[in-house]
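Each of the next two complexes has chain A plus one more chain, namely chain B in the first and chain C in the second.
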Partner chain A sequence: MKEKKHYSLKLYVTGLSPAVQESITKMEEILTDKFGENFDLEVIDVLSRPELAEGEKIFATPTIIRLLPEPVTKVILDLRSKERVLIGLNLIELKKEIADAIGDMKGEKKG
Partner chain B sequence: MKKRDSEIKQLHSQSGKIRAEFSAGDTRFQHFIDKSKDGVLILDREGVIKYANHSAEVILKRDIEKLIGEQFGILIEGDYESEISIFSPQTAPCIVELRVSAIEWNNQSYSLVFIHDITRRKLAESGLKNALAEKEILLQEVHHRVKNNLQVIYSLLTLHELNLKDPAAAKALRESKNRILAMSFIHDKLYQTKDFSKVNFRDYIQNLVSYLFKSYEPGPGKVRLKVEVKEIFMDLDTAIHLGLIVNELVSNSLKHAFPGKRKGTIEVYLDRSNEAADKNILIMRDNGVGIPESLDLQCAGSLGLKIIHTLVKQMKGDIAIDRKNGTAFTIKFKKL
Partner chain C sequence: MNKRILVIDDDEAIRKSFLLALEDTSYRVDAVESGEKGIEKVTDTGYDLVFLDLKMPGLNGVQTLKRLREMDAKVPVYIVTAFHKEFFKDLKLLSEDDIAFDLLRKPIGSDEIVLLTESILRKEQ
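Let's look at the complex of A and B:
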């Protein structure tokens, strides 16, 4: 049985052009930096596995899905900029509670 | 499982509420948004679609029922456009540009998303890129061929030179050969670089002058060479003119300035002129025997000097000669 990692991520892309592959490599570097060995990243090309993308209700690519830890989080990323990938991955890392808390805080300020 | 179901129900009722609130507002306003050619989405903090206009249905290739309540994905807000591709199982992917801004609705934050289809623009862009790459390869090929042809001429003249008995004729051929080579170096430089509109003159001059030294073989330690050329980029015409001028000046110096055992230095210097921004200055100086005062540059019998004079005139430049301590030619010119 495969060892269970703390972070389990799926990345959906359209086609595996050299540019896309390069950004995947960069992303893996960022993830290794953040989580060490404690993550799984599965890359799925929607052109060769459309049924997987349809099952997961993928609207756009690149989409990254955090399966673990729960709750499942889905973020759409523009891989062209490293900065945006970082923000996106931070969103992935962010706990739902914290996200909600920020949301509530914003709400209270307004109200 | 039950919890998940109740969550979904809650989400749907929420989305229903928002839609209702939208319709309860100005119906004309909603009509405008619906008519927009750009897709408009409103997402909640989890990336769930709360509102979609008609164009969003078209661009995302899904009916409104398959959009509202579905998780599109969280988008990063900011002042930039994201470029993503839209996936739908039956059709080819299309490329869109997203602009996302944060909005507040009933004390909740949402993302307002504008989706602009740029598939056609992207296609045109890649067409242009291909055409440009093709043009570059063609130009490269042309310069390669010109260089090769000039080198064939060079080789033919070498064969001819070997058959000549008359040393004066052989010398004339050798000089012509060097002129041809000076031009072929330019095409060689252009063929090796990516930018065909300009030549890195420093690299070129260094190549040319060291070739001339090999060609005239002044003997070890006899003549020192000093090349001080600023990194100036020239167009093809200017570079060829200037290359031929440097060729004549340096050849001339190597041939005549250091007779017998006389030692010395040849300096080549090129920089932008201090006088005017668009002017450049070329100086070739040697500390050899010097050109006799009696020699008039304009009507000198030497072919080399005639060539220099004609080339400088074509460049609308001027040439000055200083005969103190050897010879110094100063040429001021504008780029052609």
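Let's look at the complex of A and C:
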């Protein structure tokens, strides 16, 4: 049986306000939905740890780095958009599969 | 309709760098030199993205952002600053008050300006 890929991710955000924490929770839900337990997500608050952002050459927030599976990928996200989160994770091929969910998110934005 | 971007920075070189970086895109870019003028522009015109300097005479970036959020809670605002803790004290207070913003690190290159702008605005085109 083929072994499932493990996704190792770092997310750089600005502060941990309630809105940011809600976005992180939504993102974790997306990841859990797609990968089950085969991922780890480290969240780094740039306001508290700017040196880590400097070290990784992060130039804007929020940025996600996919460390595994390789190749290492660094993408600026829009955490308000589920579609953009998925594209950031190089999961665009799953776009059709989640079309309904994206529609739900857009509905939320209008409300 | 073309997306609109506002750059608020007292440094003319920074304002020009944004204008030059984005001149070949479809976006309409306005640039002003103070928080006060930025507030006026946002009052008169709706924007889809704002780049805001942190340290300016008159209204600084933190004060300007508070005023902007009273008028427009949704527009993405990127505070343009060096990533140093000494600059982040007031920004932490904003975050604790749940005032939304993100960061763009100085110094910033043209490619990075375009990449960030496209990342934020292209999804709705």
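Methods note: the second predicted complex is superposed on the first by the 84 of 111 C-alpha atoms of A that agree within 3 Å, B and C clash if a C-alpha of one lies under 4 Å from a C-alpha of the other, contacts with A are read in each partner's own complex, and residues count from 1 in each chain.
As a convention for this text, a contact is a pair of C-beta atoms (placed from the backbone, for glycine too) under 8 Å apart; a residue touches a chain by one contact, two chains touch by 3 or more.
Only a predicted model underlies this, so the values are computations on that prediction, with no experimental measurement involved.
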| item | value |
| --- | --- |
| First, second, both or neither for A:62, with chain B first and chain C second | both |
| Most chain A residues touched (candidates chain B, chain C) | B |
| First (chain B), second (chain C), both or neither touched by A:54 | both |
| Touching partner for A:6 - first (chain B), second (chain C), both, neither | neither |
| Partner chain in contact with A:17 - chain B first, chain C second, else both or neither | second |
| Chain B versus chain C as contact partner of A:26, first or second or both or neither | neither |
| Partner chain in contact with A:78 - chain B first, chain C second, else both or neither | both |
| Partner chain(s) touched by A:46 [first = chain B, second = chain C, both, neither] | both |
| Chain C-contacting residues of chain A that also contact chain B | 14, 46-47, 50, 53-54, 58-62, 75-78, 81, 84 |
| Chain B to chain A touching residues, read off their complex | 45-47, 60, 62, 70-76, 80, 82-87, 89, 93, 96, 98, 104, 107-109 |
| Residues of chain C touching chain A in the complex | 76, 78, 83-85, 88, 91-92, 94-105, 108, 112, 115-116, 119-120, 123 |
| Of all residues in chain A, those that touch chain C in their complex | 14-20, 46-48, 50, 53-54, 58-62, 75-78, 81, 83-84 |
| Sites on chain A touched by chain B in the complex | 12, 14, 46-47, 50-51, 53-54, 57-63, 73-78, 80-81, 84, 87-88, 91, 99-100, 103, 106-107, 110-111 |
